[in-house]
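Read from first to last, the chains carry the letters A, B, C and D; within each, the first residue is number 1.
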C-alpha cells in the first residue's frame, strides 16, 4: 500500500508553546502515531548556549507522552533549529506519514538515527561515515533512490566544555576545543556524509579532518544543524517517489551565494507557485507547505566581490547575520516569514551559498 | 546654467579607509569643491556606541582638508549610517554637483544644516519644525518643488548620558533618559519634519511629544539616521528637476512591511532596470548608482500576522535585525550588497515598512 | 514548635539539570514536602528572551511532580534569575522549612504569591500595593516583624509584545511598550512595595508612575527579579526570628555603589566569616550558605566620578554588565562564584548600588 | 644623569577625546617630547571589529603632530586596549621620561617596536622570537635586568579576513583563519616572547605552534593586547632600577584564578596602599598611579571547581566577560574603576588567572 505524507506548519509563541499542536491533536488533524518528524525554528541564538532547542524538545515530549509509548516517541525525529533573526517567525513543521491509496509520485519521507558520536569523532571521517550510513538507512526506509532525493536534514551534536573535558580526561583528543567551532565541524561532517550517501562526492575525496576539506566539496541537497540537546544524529530524507501518494511535492535549488535568489524563483516557478512578477502571491502561499534553506557567510569575506562584515563582527555570530540576511532574500520572494532557514552551511552548497528545498501542495 | 549631479559608489575596507576616494581625487574623477554630500554605511552597530561613524568623519575631513577651506569643508553633508548587518557592504556614496550644459530633467540635489538642537528639544515638536525648515531650505537650494522630491535624507543627533546629564543640570528635561531610545525619537521627529515640509502631513496632526504620534503619521520620502557625531541636522534632498541635467535619475517606492519587495521591483522596472524574472542583472547593476532604504521592526511584533522576535531579542538590537533582514530582501532583488539600508524607520513609511529610493544612470 | 530552615546550594550543568536535587532527594537530604522555595541563577541573558528561566521551572516541576500534589507544588516559590555573566556559576538554592526543637534565634523564611498583575498595572502604584500586601503576608507566615527582616526576594512579571498588544486591544494602556524597559519598571515597583511593607518608605512618597519615583526612594533589604515565566509575584521574606531554630543565620549590607565592598566585608566579619586580610577563606566558605545581591549601572553614567559605559553599550545590556562586574567584586571578597547576583536594582538600594544578604551556618 | 618617569592618568569621554591631554599640554604638565608611551582603555568590544582603538590612535597623532616630528611621533608606543566592560572607565595613561637628578631606585621604562609580522608567522615561534628580541631591546634601553622587570606590555597584531586572504593568495598558510582566534594566538605568542626574554621559560619548551603550548607555560610579568591598528609589536617594559629616580614605584602580583585577589592585596600592602580592612582608601587612591592587569576565562570552564559560562556564551565574547568580572574584583579592592584591565591572558599568568602590576607614588 502506498504511503502519504502530510505537513502541518504551525506557529509557536515561545519555545515551549505546543498549543497549536495540541489543538491539531484535539481536532483530529494530527495523529500522534503517524508523526515521523517535527522540525522547529526556535528563537534562541542558534549557537552553543541556545537552550530554546532542548526546551522545545521537552515540551514536545510532554505533549506526545500521553499518546505514545517511550519507544514510539523516541522514533520521532525532533529537529530543532535555533535562530529566528530578522523577520523569521518561530514555527513548527510536523511531518506525518500514513498508508493511503492513491496515485504517485509524491513527497516521500524516511528517517533514521545514528549511534552516539564520540566527542573525538566529531569533525572527522568517522562522523562522515556514520552520517552516510544513517542517510542510506533513511533512504531505504522511504524507498528512495539517491537521485530521487531532494533534501536531507541532519541534526547533529556539538561539543560543550564538559564534553571536551571528559574526552581529554580519558585521553581522547577532540578535533577542536572551541565549542562554537565544533558546531561548524559537526555540520560540515554531516553534510559530507549526506553527499557521500547521495553519490555527490566520493569517499576518497574526503580528508580525515573535515576542517581540511576544500570548500568546493559539498552536498547539494543537505542541511545540517547542530544542537546541544543530542549526542547522536537525527536524519530525515525527503524526495519524490512513484510509490508514495498524496498532495505534497518537493523540489530544490542551490544558491551560489547569499543573494542568489533566481534559482529559488525558478524552483518556485517549476512548482507553479510564481505569481505576478515572479513573486509568490496569496494563492501561491496557500499552497506553500515548507521552505527549508541553509545560510552562511562566505569564508573569503566577500559577496560578488564586495566585502561583508559577518566574519569580523565580534558582537554577533556570523551564523546569526547570515540567517537573517538570507531569510530576507527568501521572504522577499515568497512573502512569508515562517521559513526554516538554518545557519552554518559548511559543505552544504557552495561556500557562502546553500541549498533550498521547497515543499508545496499540488494545484487544484 | 543647469546643474548636474554625479555619484560615486566606492568601497571601504575600514571606517577610516578613504583610499578609494583618494584615488578618485588623484585620477580627477572627483573634484573636491564639487562635493556636496558624502553618505557612508560604516560597519559599527549603528546604535549609541557606534564610533565607526565619527571615525569615518575624521578620515573624510583629513582627506578633504588639504583641498578645501574650513568653511567649504563644513558645507559638505557627511551622512554616516552605522550598521552593515548580514551581507551589507561598507561603502561610500560621494555626491557632487557642478554646472553643466544639457537637457533635463535629471537628479537634483540640495542640502542644508540646521542650528544645534538642544537636548530637551529632541523628540519634540521643536525638532520637527527645525527639520522642516531645513528641508525647505534644501529644496530651495535645489530648486525642487515638494512633489518633485523623491528622497530626503536627514542625519540627526542623539542623546548620550553626558548630554542628558548636562540638560538635567541646567534644569531642562529631555524627552527620554534612555540613550538608545533617543535615537528613535530623533529619527521620528526628523521624518515628521520632512513630511511637514513635503506636505505629506499637516502641522496640526503632530503632537508635541513625538513618542505619542500615531504610527499612521509618516513620511513617504524620508530616511533619517541618528549619530553621536553631530548636534545639529544634516539634510540632503533629492528629486527630479527639469532644470538639472546629466545621466542620473531617481525614483522611489514605499514598502508596506519588511518583506514588501514588489513595489521596489516596480520602481526598478520603471527605471528600466528589471532583467529576466524581474531581477536586476549585470547590465542593470552597471546602471544602478545607489539604493537608499529604511528598515525597522514592526511595533506589533508581527509581519503579515506571523510573530517576529526582533523586539524581544535582548542580545541584538531590533535595528540591527531589521537592517540585515531588509537588506537581504533588497539584495536578493538587485543582486548587490552595497546598499544604503539604514535602521530605525520611525515615521518613515508605514509601521514595519519603509521608503526606498533608487538612483540610476539612464540607458544608452 | 519552632521551625528550622535548611538551604542546599547545588550546581547546575544546564538550565534543566536537576540531577543534584534528584541526588539529594534520593539520599534523603531533601524532603520534597519541606521545600518552600527554590532560587536559581540560570545561564541566559537575564533579559526579555531568557528562556533558561522557564526551562528551569519546567525541570523543577517535573522533578517534584511525583512527590507532591499539584497544590503543594504550586506553593513552592520558584525564583529563577537569569544571567551568570563573568565567572558567576549557575546554581540552585533550595530552601526547606520543617518543625524542629531547639533554641533561637535563627533564619526564618516566609513566602507568598500575589494575584495576577494586569499588564497596565505594571510599573504603577497598583503593583507597589500588591507587592506590599504580599510581603506582609509572607512576614506574617514567618512570624517576622519588619525590623527582623534582612531580605525580601520578589520575582515579578514583565511585558512581552503579546501582553502589550492584548492590553491595548482591550483599551488598557501599559506604562511602557518597551519590553526590556518593562523589566525595570516591574522590579522598581516591586522594590517599592517591599520598602512600603518594611516601613522604609511611606506610601505618600510613591508616585503613581514608578518611572517618576526619585532614585533616592529605595528599599534597603529587597532584591527583585523579573521573568517571562510568571504573571503574578513570588515573594520570599528572610529574617532572624527568636521563634526559629537551626544552624542558619542571616545578615545584610547595602552597597552605596557598584564597588562599595567594605560594607559587605563588615557583614561577613559580623558573621565570623572574615579570614586573613578580611577575605573569606576555606573555613569561612564552608560556612557560607548563600549570598544574594543586586547589581545595576548607576543612572548618571558615573562611578565615583569616573565614567562607565554600561548605559551606552548597545551590544550588551547594562544589566549584564552590572551583574558580571558586581559579581567580580563579591567573588573577590568571598572566593566563591555561586553567588545569587541579580541584575536591575531599580529602587533596590541607592542608585548604582544595591542590597546584599549573606546567609551562613553558625560556627562549631 | 638618572632618568625619571611620570605618569598621568586622564579621563576620556569618547575614543577620540584627547581634551584632558590637550589641557595637560597647555598647562605645561605634559612635555610632548618626553612622552614615551600612551596606554588607553577604549570603549569598544576589544575584539576584531573594535575601531575605537585606531580611532584613539588617530586622535593622539593629531594631538601630538604639531609638537613632534614624524619620527619622534612614531617612537611613542601607543597601546590601545579595547573593552571597558562592567564599571571600567575609559582612560589614558600617559608615560613620560625625562632626565632628572635624584636618588633611586624608581620606576624605569623602556620601549621598542619590532619589525612587521608576516600573517603566517602570527601564533608561531617566529613571533615568539621577534617579541623576545623586542623585549630585550626595551630592557636595554631602560637599563633593566630581567629580575628587575615587573611588567612588560605588548601590543600585538591580529589577522583580518583581508590579511588572511592576502597570505593565502601568496601561498602562505596562517596559523588560523578565524579572526577572533588570531587575537588569542598573537597574545599568547607575545607573552611567551616576553617570558623567554625574562628568563621565565626556556626556548626549548616552546613549540612552533603556540596553539599547542601547554597552558602551564606562561609569563608572570607580561600583558599582551591585540589590535587591528598595527602590524608589528609595540613593547613597553617597566621595572625598578637603582639608576632611575622620581616618586614612582612599581610592584606586581600574579592571580592564580579570576577571583584570586589576596596576592593583589598583598602587593598593595607592600606599596603601603592598604587602608582599613585591607581596602585602598582615599589616601591610598591619591597615591595609586596605575593598575595594569590581564583577565581571561579559564579554559576548563571552571573557577575553583564551579562551572562558569564564559566559554559557552555565544552572545558575549569570553574576553568581554572576563574583563568585566576581573575588573569588578580589582575595583572592589582598590575603590577605583580607571584600571587598565585587558582581556585575553593566554600564557600570561596561569590558565584563568593573570598578572597584575601596580604603580604608585611614594608616601610623603
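One rule holds in what follows: a residue touches a chain if its C-beta (ideal position, glycine included) is under 8 Å from a C-beta of that chain, and two chains touch if they have at least 3 such contacts.
Here is each chain with its UniProt name: A, B, C, D = Cyanuric acid amidohydrolase.
No experiment lies behind these values; they were computed from the predicted model shown.
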When C-D and A-C are ranked by contacting C-beta pairs, first comes C-D
Identity of the chain that, by mean CA position, is farthest from chain C (Cyanuric acid amidohydrolase) = B
Mind checking the centre-to-centre distance between chain A (Cyanuric acid amidohydrolase) and chain D (Cyanuric acid amidohydrolase)? Centres are C-alpha means, answer in whole Å.
-> 45
Approximate Å spacing (C-alpha centroids) for the pair chain C (Cyanuric acid amidohydrolase), chain D (Cyanuric acid amidohydrolase) = 38
If you average the CA atoms of chain A (Cyanuric acid amidohydrolase) and of chain C (Cyanuric acid amidohydrolase), how far apart do the two points sit, in angstrom?
-> 40
Going through chain A (Cyanuric acid amidohydrolase) residue by residue, note those that touch at least 2 other chains and give them in order.
-> 13, 43, 45, 49, 162, 307, 309, 312-313, 315
Contact set on chain C (Cyanuric acid amidohydrolase) toward chain D (Cyanuric acid amidohydrolase) in their complex = 11, 13, 43, 45, 84-91, 258-259, 261-262, 265-266, 276-279, 297, 303-304, 306-310, 312-313, 315-316, 320-322, 324-333, 335-338
Note: in the complex, chain B (Cyanuric acid amidohydrolase) contacts chain D (Cyanuric acid amidohydrolase) through residues 13-16, 43-44, 49, 51-52, 54-55, 58-59, 162, 228, 315
Footprint of chain D (Cyanuric acid amidohydrolase) on chain A (Cyanuric acid amidohydrolase) - complex, ascending = 45, 47-50, 160-162, 165, 177-181, 299-301, 307, 309, 311-315, 317
